[in-house]
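Next come two complexes built around chain A: one with chain B, the other with chain C.
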Partner chain A sequence: MRDKWLIILLPSLALLSGCWDKIELEERGYAVVLGLDKSEEDHMVDVTFQIENPQVGSTSQSVAQNEPPSDILTITATDIISAKELANSIVSREIDLSQLQTIIIGEEFARSDYFNNIIGSSVRDPEIRRKMMLIVSKEKASEFIHSNHSKLETRPHKYYSFMRDRWKDTGYVPLSDLNRYFQRTANALFLVIYASTEKEPEIRKSSDNYKAGQVPQEAGDPAQMIGSAVFQNGKMIGTLTGEETRYVLLLRKKSIANHYVDSFKDPIDNDRKISVRLLKEKKTTVKVDVEKANPEVRVHVPITVQVLSSPSLHNYAYTKERQRMLKEEIHEDLHAKIMQLIKKTQEEFGGEPFIWFQLARREFWTMDAYEDYDWQKKYRNADIQVELDITIESFGSQLKPPHVGRGD
Partner chain B sequence: MTKEPSSSRNQTKNDSLFTDDFQHNITLIYEAFSYPTNQSLKTRQFSALQGTMSGILFFLEGTVEETTVETHVMKPLYELSDKPEDGKVVDMLANSVLLTTAIREIVRLQDAVHDLLNGNCLILLENEKIAISANTASFEKRVVSEPTVENVVRGPKEAFIESMAVNQSLLRRQVKDSRLICENMTVGDVFSNEVSIMYIKGIADDKLIKEVKQKVEGIQTDVIQNLSILEQFIESRTYSLVPSTLMTERPDRATSFLLGGHILLLMNNSPYALIVPITFWSLFHTAEDQYLRWANVNFIRIISILAIFIAIFTPSIYLAASTFHVEMLPPDLLFAIAATREIVPIPVLWEIILLEFTFEILREAGIRIPSVIGPTIGIVGALILGQAAVQANLVSPIIVIVVAITGLSSFVIQDLSLNFMIRILRFLFIFIANFMGFFGIFLAVACTIAYMSSLKSFNVPFFSPLAPYFHSQRGVVFRKPVWKQALVPFFSNSRYKKKVSNPKVGSRDD
Partner chain C sequence: MIRVNNGLIRKRELTAIVIFLYVIQLMNTTPDTLFKFGKNAAWVLPIISFAVMLIPFLVLLYIVKKHDAGLVELVFSLLGKRIGSFVMFLFFLIIFSALMINSRNYTDVFNTMFYSKTPVPYLYVMLIGASFYIANRGLENIGRTAWILCPLYLFVTYILIFFILEDFSVERIYPIAGPGLDVLLKKGTTYSSIYGESILLFALYPFVHKFKDFRIGVLYGWIIGVASLAFFMVIYVSIFDFPAVQDIAYPFQQLTRMATLGTIGHLESIYLATWTVASAIHFSIYLYLAAFFLSKMLKLKEFEPLLLPIAGLCVLAGLISPNIFVGNALRETLIQTSTGILVLFPFILWGIDRFKGGKKANAG
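Coming up: the complex of A and B.
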């Protein structure tokens, strides 16, 4: 008898419960890019959704010939979640943010006070992942999304996921996700990828001293992503160029971009440049001393250099003297630029993007003691010395320059 | 038809003795076998000793080896020259004349009928109330051939056949030890059949042997045709999906169970050995497990474990992920699924059910179909059907992959009972996943594990020696090298903690 009851009860338990949030996956519209812009109304925000169309570019089985790869719409609402609800009155599918991996923030909105409120309140929704990548666009986010159509990637989510991998290699942009934003924004400067589709090219000799939009480019994809937007206390306060971003990463204790290619003045033929690959194989060592009135920071950066090309065709591989000259040149150049960057952060931004605050925080016994110390403020007058330890590791597979030129 | 069993039951009950009256004795036999309606009973009148001794020989056609009857029974009778001085003709015949391997003197009709049915020939003599039964049995049987279900790449290539005597011989050849005991019992009240219980004395648990014997004795039914039916009579839980006995068609596998302290049951007409008690691991391990080298067998074990999990969970995980937890799917896969799902008219649950049932139908059809056209159907058919269903937008392509990998994985599980358990469990998980997603799957997993670990097969916990844990027997999931293995009875109570064989027999690499 008891068994009979069990047989009746168990399936009904299954039938009567559950199913609340069950939706078949094709009934959802997956927003893969979200744009945030300042609205003309107060306390309102323009939310742009880029909803990917699964039937374009993902399978050969069922292809919708005449549909675009994605649908872009902008809704003005009080926050992201209510914008999502409103968008459901327009879009045929229930909008789903679970596959959302990129948030584009218009620079104007990022510089407003309201940004932190919007982004901070959004994480209450379980669909918003903290792994989402943040990008600040120079123009309005909606414009950026509308004009950013990659030639190689039909599907927008693929474009951003590939680009994220490229950035890890180049170091032109920081890795900025929502989680890091919440971790760092109160303590230090937070760097966000800076992007633009509007171009005002400036040609500069120093190869990578560009911000997004400035890279001389003809044809190709519309969006440039180089440099970083600087956030302090949840508000954008300035920008760094690609080169500066690289130095920031170099000075961090551990950086995600471990190697990149840079060029320096040829110490023999001053008009030409030498391209080298800089590798940070070991961690940067940073010592923070908070005992003194002005904190002391001692940074030691081990850098390994691989010479990639020297258009002057001088042979650096064979003589110690020339290697020393090259080393000195790199050291001088790098050191000057780094110190300039540090000065800029101290004076212009009044904060540090190097995540040294974590090392300073370690020196205190309690969180209160650290907060009383006010690291951000003390940093502005900190005594910072950077030591570069440069080792030339190799000169490439072909040591000698070809005979045709002026070589040895 | 229904009358026959009752009449034969009467016959056994009305036990009559042979008398001095020769004709009466013959009539008794004739009546027992309904002669002359029943033409199977063959008789042969004879007279020997210059006509001073005459008698009659009975046998059932098809149960005896006729040349044995001729050479070992008839010929010595005819060559008989002297009458015994004490006049005890029966004793003389039994002791010094007939040449067959077994001779029995019979006074009761019941025994005579039993012996005749089992292939003996019966000699009735004039003026004697004792009949002689001589063993001349020879039933038709096929030759020992290769296993058809439990195939191995490396290892013995013979399988049990329908003859119990041959099966015992196959086992005896592998265990040449006097401790291998073979006890015979009869089952079936009306049409009785013999069951042979085999075990190794000193290794198998006495209590266990007693319990098995009691269970076999306690069976009350008219007839048990073979082991497969006997299994259903003695298994621990009839309504459970989880099997509590194991059938093997391989003598070598049966032997290794014997050596591990299990009990073996053999019957005529069953090309299997029934093994009790069992644990999950005996179902999971294959015959080849001991024959392959260490690394190879562990690789196979990993594959089999994966296959079991794939076979149970793939459809339900897909269902749960695609209806409740889309954030788990990588975007590329998600969009590919969504694109193809868009044009499919039925919900994902019915897609899965449709294709799973199709697969099960094809599987069943593959077994039932005449072997001439059999190979053409089967998995290929399932895949073609799946492909066609995709093109007709009836199901999405990923479902075909899900069902195909699930079906394929279930073939890795060799034991039929475990196989069925997993195939049926899969549907349970599909339904739960449809209602409660991963939450439901994990609830069901917890329930299943709790249930299975509470199960016992002949008082042996189903998951032992892992749960409850016995230190003496490790290597159930991954096998140790053979020279590190000790032959320990699979379920050790305190008596059997000592190792039976020396673990260091094998050569170490040094």
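Coming up: the complex of A and C.
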């Protein structure tokens, strides 16, 4: 008789063991965006959760017609995990971070000393994944999340995942996730996507010299993501514009954003611009010499150019002389801007976002020798020369500008 | 091919067993321990440890070939009954404490990374229970289970690299010498007993079909294990970078959480499954060896009845350590102390063998 009970009990031991950590899909509230803000209290943080409503945008939408696509709430707590626990005193569903992909940090909080403590301790929780995308918002993160309602994407997680893919095409923002933060924060400057929903538009001649919030825009989605926030030693210290961010990516040895559209002064008609697509098909080569008192860095960037449009309607394709003019113009313009950016990183930030530290590290035999060398400090006085190798590859799908009265 | 079930294992089964003994190290806390001293060059340590452990292994291989007898028989015939029993006890202690400490560490990983609400004792009982089930069926069964699962296991483990390629940059392993060559050599030697099981595996020699099967089987599995551990440690550094890699508790599990296949994330569930099965096989080998040494020490004819009490004792003793940091500290002490014993032991045996052989030749 006793054996019979054993036969029933033993399998149940194996079968029911999952019930301790069981997850009922119905009872879950998936937080898709997390916002971090400086709290008025010391050593506290305002955590904003945007919890997605799975019924919206699915076949069961008819049941929940009056429900919004997501719910947003802010909790003040000592860290993310306790905020999550506290939030469950308000939200009916158990908050789950496993689908969380985006963390938005208010600029004020990013500039405070406490930021590194919160981020550094959050990775202890296995629910926080190292692939989560970091975004710094100019305003408070809670305000950003509240006002960021995309018209094309009903569901917030889709919006962020599409926006994350766009950076590859534009190069206006860096790729910033938690893993990269921990990789770089000790060695170099770390760039984070800069975003804003507050607008103070400024019209500029150069098409990409904007930071988030400055892009002249009328109507459309409220959030702009362009430029980057610069972090050093776990703290935000400044910003770069979209254009500068592009140059940073260009100067890195391995960058994942390999092509983008840029515009340059028309060499014949100086008031107008020429739009070209810049492609980096080969790797940038960087040589770092640490033997001298001030390190020497030699950068060689191969760039391929495709001419997309020239509003001045001058024909650059047919004569070699004009091609050379265009090439020189692009070279001069790019080179000047790049050197300005390098100077800015050396003098203003005192560190480099180009991940050259990895190449400097190669020159040392042991880790201790590298640490004693103090690359960040030496970089400030480094002698850096950038060489651009520009090839004009194609002139678009028109042989000549269209004939409207004036021919060429 | 249908083979007669004669209780002996062949080359491939032995290779698979050794693979499950060693390849799994890249998924547990071994990399953590090595990164602590080896910094960004910690991947060299397994290779140094292998080189150091290989010498006593070859010495023992020579003695075993000469006498055509397993480790246990050699010890008893060369050292006598009393010292032989003591040596068996020593081996039992080494393997049992390794079983206890490592299995507890694995349980902690399951608990922290996947089942945070499930009580540790329960997870522990399930893990050791599964290992006991495999071990109880005998060595041939362990070998066959390992052989069937080993290709899948290696495939799943290695395919992870393709899922995380985006974040990979091999330049992060520089400076090549890490903490300095002297530190690497010293630590590689002190920690060489991460491969100490290779010496204890000689106890299984009587269950292996041929001498050649044993030699090639162990060496193949061992080399695959060393290469995998070193290779994955390069991957860890190339993805997390130094010094961040030193702060990560379970690099493999963290890696599986970062892995994406296109837009599909959360691949860690596949790895949880493979890892669970692999660890059950891993500990079944330990259980089997522990029971084997204990039975020889007590001069029992059968050792299968000892499996259950040892499994039970392992769970009870393993639960004493409150968390993984205590467990890791214990593991380091164990590795360091057993290194001395395991490296020197084959030379002692060899010396005695020479001495006795010389006497015999004189007498004859």
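The definition used in the following text is that the second predicted complex is superposed on the first by the 384 of 408 C-alpha atoms of A that agree within 3 Å, B and C clash if a C-alpha of one lies under 4 Å from a C-alpha of the other, contacts with A are read in each partner's own complex, and residues count from 1 in each chain.
By our rule, contacts are C-beta pairs under 8 Å (C-beta built on N, C-alpha and C of every residue); 3 or more make two chains touch, one makes a residue touch a chain.
Bear in mind the structure is a predicted one, so any value in this text is a computation, not a measurement.
Participant: Pick one for A:Trp365: touches chain B only (first), chain C only (second), both, or neither.
Facilitator: second
Participant: Look at A:Lys211 in the shared chain and tell me whether it touches chain B only, chain C only, both, or neither; answer first, second, both or neither.
Facilitator: Neither: A:Lys211 stays clear of chain B and chain C.
Participant: A:Asp96 contacts which: chain B (first), chain C (second), both, neither?
Facilitator: first
Participant: Would you check which partner chain A:Leu25 touches, where first means chain B only, second means chain C only, and both and neither mean what they say?
Facilitator: So A:Leu25 only meets chain B here.
Participant: By the touch definition at the top of the document, which applies to A:Glu52: first (chain B), second (chain C), both, or neither?
Facilitator: Only chain B is touched by A:Glu52; chain C is not.
Participant: Based on the superposed arrangement, let me know which partner A:Arg155 touches: chain B (first), chain C (second), both, or neither?
Facilitator: The first partner, chain B, only.
Participant: Applying the touch criterion given at the start, work out whether A:Lys273 contacts chain B, chain C, both or neither, answering first, second, both or neither.
Facilitator: Once the two structures are laid over each other on A, A:Lys273 reaches no partner at all.
Participant: Which positions of chain A sit in both the chain B and the chain C interface?
Facilitator: Touching chain B and chain C on chain A: residues 14, 17, 21, 98, 129, 161.
Participant: Please name which positions on chain C make contact with chain A in the complex.
Facilitator: 39-41, 112-119, 122, 126, 166-167, 169, 171-172, 174-180, 239-244, 247, 253-254, 257-258, 260, 263, 265-266
Participant: Taking the touch rule as given, give the residues of chain A at its contact with chain C in the complex, in rising order.
Facilitator: Where chain A meets chain C, its residues are 14, 17, 20-21, 98, 126, 129-131, 161, 179, 182-184, 186-187, 253-254, 256, 358-359, 361-362, 364-370.
Participant: Which residues, counting only chain B, touch chain A once they are in their complex?
Facilitator: So the residues of chain B in touch with chain A come to 322-324, 326-327, 329, 331-332, 334-343, 347-348, 390, 396-397, 431-432, 434-437, 439-440.
Participant: Of all residues in chain A, which touch chain B in the complex?
Facilitator: So the residues of chain A touching chain B come out as 11, 14-15, 17-19, 21-26, 28, 30, 32, 52, 54-55, 58-59, 61-63, 96, 98-99, 101, 127, 129, 155, 157-158, 161.
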